[in-house]
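Before any comments, here is the structure.
We just call them A, B, C and D in the order they show up, numbering each chain from 1.
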Amino acid sequence: MKKRKSVISRTFRIISYKLRHDLKQNLYIIIFGTDTFLGKAFDVFLMIAILLSILITIFDSMVNSIPWLQTTCYILEGFFTLFFTAEYIARLYCSPEPKKYALSFFGIIDLLAILPPYLSFFFINARYMMIIRMFRLIRVFRVFKLFNFMSEGNMLLRSLQMSMKKILVFFLFVVILIVTLGTVMFVFESNVPDSKFSSIPQSIYWAAVTMTTVGYGDMTPVTDAGRFFATVVMVLGYTIIAVPTGIVSSEMIKEMHRFNGKDVVCPHCHRQGHDGDANYCKYCGHELYN
Amino acid sequence: MKKRKSVISRTFRIISYKLRHDLKQNLYIIIFGTDTFLGKAFDVFLMIAILLSILITIFDSMVNSIPWLQTTCYILEGFFTLFFTAEYIARLYCSPEPKKYALSFFGIIDLLAILPPYLSFFFINARYMMIIRMFRLIRVFRVFKLFNFMSEGNMLLRSLQMSMKKILVFFLFVVILIVTLGTVMFVFESNVPDSKFSSIPQSIYWAAVTMTTVGYGDMTPVTDAGRFFATVVMVLGYTIIAVPTGIVSSEMIKEMHRFNGKDVVCPHCHRQGHDGDANYCKYCGHELYN
Amino acid sequence: MKKRKSVISRTFRIISYKLRHDLKQNLYIIIFGTDTFLGKAFDVFLMIAILLSILITIFDSMVNSIPWLQTTCYILEGFFTLFFTAEYIARLYCSPEPKKYALSFFGIIDLLAILPPYLSFFFINARYMMIIRMFRLIRVFRVFKLFNFMSEGNMLLRSLQMSMKKILVFFLFVVILIVTLGTVMFVFESNVPDSKFSSIPQSIYWAAVTMTTVGYGDMTPVTDAGRFFATVVMVLGYTIIAVPTGIVSSEMIKEMHRFNGKDVVCPHCHRQGHDGDANYCKYCGHELYN
Amino acid sequence: MKKRKSVISRTFRIISYKLRHDLKQNLYIIIFGTDTFLGKAFDVFLMIAILLSILITIFDSMVNSIPWLQTTCYILEGFFTLFFTAEYIARLYCSPEPKKYALSFFGIIDLLAILPPYLSFFFINARYMMIIRMFRLIRVFRVFKLFNFMSEGNMLLRSLQMSMKKILVFFLFVVILIVTLGTVMFVFESNVPDSKFSSIPQSIYWAAVTMTTVGYGDMTPVTDAGRFFATVVMVLGYTIIAVPTGIVSSEMIKEMHRFNGKDVVCPHCHRQGHDGDANYCKYCGHELYN
């Protein structure tokens, strides 16, 4: 009881003391920092606010037949939106490089997360998009060192970045394939009466559903030729899934090799990146271990 | 005939002899041990009891329109439950560290496997949950050395444990993605009359069905925008399945390298990285083990 | 014209000459061998017969409303069955180890491929099972060296054999998981009126459909709890597919390493299996290259 | 303004100058080349023409109930077809080896892309197949060095080519498996009244849908035996997807090792296996490149 009281009074003293000094710098320490007590407290508070606003949004979508509940949700959503807008402005204000923050991944997420409610004046359902603020949780997780404790988490990300270029080539190829296969299916199936393959975009949708092995079954071939061709598309989709898997696997193994014992420093040129079984520095030729 | 008789009489003599000594220790040897004749016999008996009770539970669910059969099943289930309860108490009694047993993986499974029938007094269908005792079979398999004969089985488990942390990060990411994509779909599809995307939780369910490439087809997009967005979700799900696969693959390869005795140090040149079947150091030619 | 004539007359002379000698050995060379002209011709003939009989079986299933066509198919199937039965007896007769042949993989396939038509006297549809003789094509492919030309084909098989034990453990785990998850779903969904989850076996079928990401959609959860649980099952199935993939990948990489440059022979002990970067034989310590 | 004018006048001067020389060679430089200004301009123009013609084809398929729009599309398609036909003839004319071009991958694509509209005189819907010209975009991408900037893109292709043979063996195996499993299902399900498993080809289609985990749900087993067997097929399909994945992964890792310059031989100790960024031999310390 006493401790809680002292914590509160201490908090107040710290706040009032700090406010007398540089407001901007203090705001930066509280909002962006995670090392001080207030910085941590702010992050915890932010996480709770984010979770609450997400739950209210989800609840809102479930009660759209009960007017008074929906109105309550709407007001609460407005309140949270004002808070997050204020927070975004504060971030812009206290950041040493506002432009860099605004264009960073989290800066864009922060902006996107407060825009939807304002857009809902034009398109009522747009407010639900505020659920994108869920991605903000990733930043808050850092407070609890949920990601830090696994230095391997970075390894995961790095190997994904490395394979991004190859995966993009794969994507492009899949898109071309889906469009082509969908059109071929359209030729086979469009002449059937009441066919669901009524246009090429519809057939492309079918090709995507089939190639990715999702298989809703809302559009299925009914002709013999269509069914045979669908079988080919399926086996194709079943096989080429091996490509992204192979890309990511090989990049991860590469990253793992780099990670394992690659941090031995050459005593001569002080460089890293040697193999586990190397005797001599591969850069300057000096012996590694002596 | 004679042998069987002597086995039975011998069993009885052993039991009576042992009972006169430490009951607790004997129970431990029988219940937890697998080396003695009685220990093995108990495990075999246990396996049969587990299989029988599972079959009865399954049969019970199939005959709920025939009262007398269901009553018979109910009585048999009660009998097995009493037996397994007695076994659980005996395990707790004879274990040298009852608390540690109760909190171990198999201790929790054992408890969970006897609770459902008792819960069925409140919620009749709860008794079917006793099927969880199927996991107890894994322990019994050890008697037949079904897992032991493959020392590689442990390798499998160890590499899964190693990749658990990374897979958890992936899980978290997938959950955030599913919630966000489901909400976006809700915005696209909820305005259609008689839409199945009636709330955000429903749409999240759809996003999970689609991202994981399951694709039931009980909820499918009908608008053009929804179908286009669904295609994006599918290709996304089709591609990011590569991530857990890559994680597990790279961990298994790492584990495999470790398993092949690559950490044996040469006594002459002090280097590692030898094969599991190597007698001599591959770098300097010195004998590895002497 | 002349050449064809001489080939035919030569064939006849060879046949008549050989028949005068040991019939058994000649049959062996023709049926099992692939090096002689007759051995190859027999294999080609066999392949055509297998393909024809499969096509007739498929055609048979498509015309079961037209009696005279079905009768024709039936007679043709009988003819092929008699031929394959004669071939099987000949194989048994001329094989030096008939028992070993009968119990080999292809021996069992050969037997299974001729049994169905005889079983059709009891169960009319059983005859369609003769399609299993398609597996016999694999043996015939050897004639054309379709598998031999890729020595890597064996590598594929060997790495699958190596990973078989681990995959079996995975199978067992998946079966236990499917049964348990199916039962849990039964508890959630069975109380709904007209539920498709009418018994535990039905629910196990659903769990298999969902875990393997097939997702027919013939049985789908309708309650909120059921849908939430289904989402968990889906994400689980989506993730654990990484396990068999990881197993096969790591085994293939292992096999590949063994395959690459592992065939260097030690000049002293004449053994293989050394690393690509080894200087000394790991078995006897002798220098590898000098 | 001035610059644009001078560019245009320069272009005209270049064109008129070149036309006075060898038409054939100039056409080759413009059509096949990508280094000159005109070569690049032609490729850009071609890309726009391809994209436009694809969009028109897709639009055409969506308006087949509005006659005047469809007629417009038809005319535009005819125009593009004439242009691409002229381009194909020009390519054949100016290519130094017309036969080699006609039989190359892109030569066949070019031909296939202009044939469909001509075929539509016989079969009206055939014209939609012209969408295959989308594959021509891949060649155009080279102009922008979209593939070149990733030298790893070639690595991707090479490792796919390497694994092609093994994947073909896998394909063959999957086809045999699908045909066999489909037939077994036909035996189980065909006797049910109004069964969708009405013939073996239908059942093969079901087996493909199930094995590849697509799972439309347009054909599902209804008997207990059928459902049990379907479960087996699903788990099988779920597991053997590991095979192509393992093949591609291991090939990519192999290719990656090769790519990292591991085949550079040390001039002193004649050993390989060095990193791509190594200056000195990691075994003996000698300089690698001198």
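What to note about this one:
Criterion: a residue touches a chain if its C-beta (ideal position, glycine included) is under 8 Å from a C-beta of that chain, and two chains touch if they have at least 3 such contacts.
Every value quoted in this text rests on a predicted model; they were computed, and no experiment measured them.
Contact with chain A and chain D alike is made by B, C.
At the far end from chain D, in terms of centres built from Cα atoms, lies B. The interface formed by A-D recurs in A-B: of the pairs listed in A-C, B-D or A-B, only this one shares over half of its residue-numbered contact pairs with it.
Residue numbering at the chain C/chain D interface overlaps only partly, since under half of the positions present are found in both copies. Its C-alpha atoms fitted onto chain B, chain A is found rotated by 90°, rounded in steps of 5.
Interface comparison, B-C versus A-C: the higher count of C-beta contacts falls to B-C.
Between chain B and chain C, the centres computed from C-alpha atoms are 30 Å apart. Rounded to whole angstrom units, the spacing between the C-alpha centres of chain A and chain C is 43. Shared interface positions of chain C, i.e. residues touching 2 or more other chains, are given as 170, 201, 213-217, 237, 241, 245, 247, 249, 253, 277.
Residues 54, 57-58, 61-62, 64, 125-126, 128-129, 131-132, 134-135, 137-138, 147, 150, 152-153, 156, 159-160, 167, 170-171, 174-175, 178, 201-202, 204-205, 208-209, 211-218, 237, 241, 244-245, 247-249, 251-253, 255-256, 260, 276-277 of chain A are the ones that touch chain B when the two sit in their complex.
Listed in rising order, the residues of chain C touching chain B in the complex are 165-166, 169-170, 176, 179-180, 183-184, 186-187, 190-191, 199-201, 210, 213-217, 220, 224, 227-228, 230-231, 234-235, 237-239, 241-243, 245-247, 249-250, 253-254, 273-275, 277-287. Listing the residues of chain C that touch chain A in their complex gives 213-217, 245, 249, 277.
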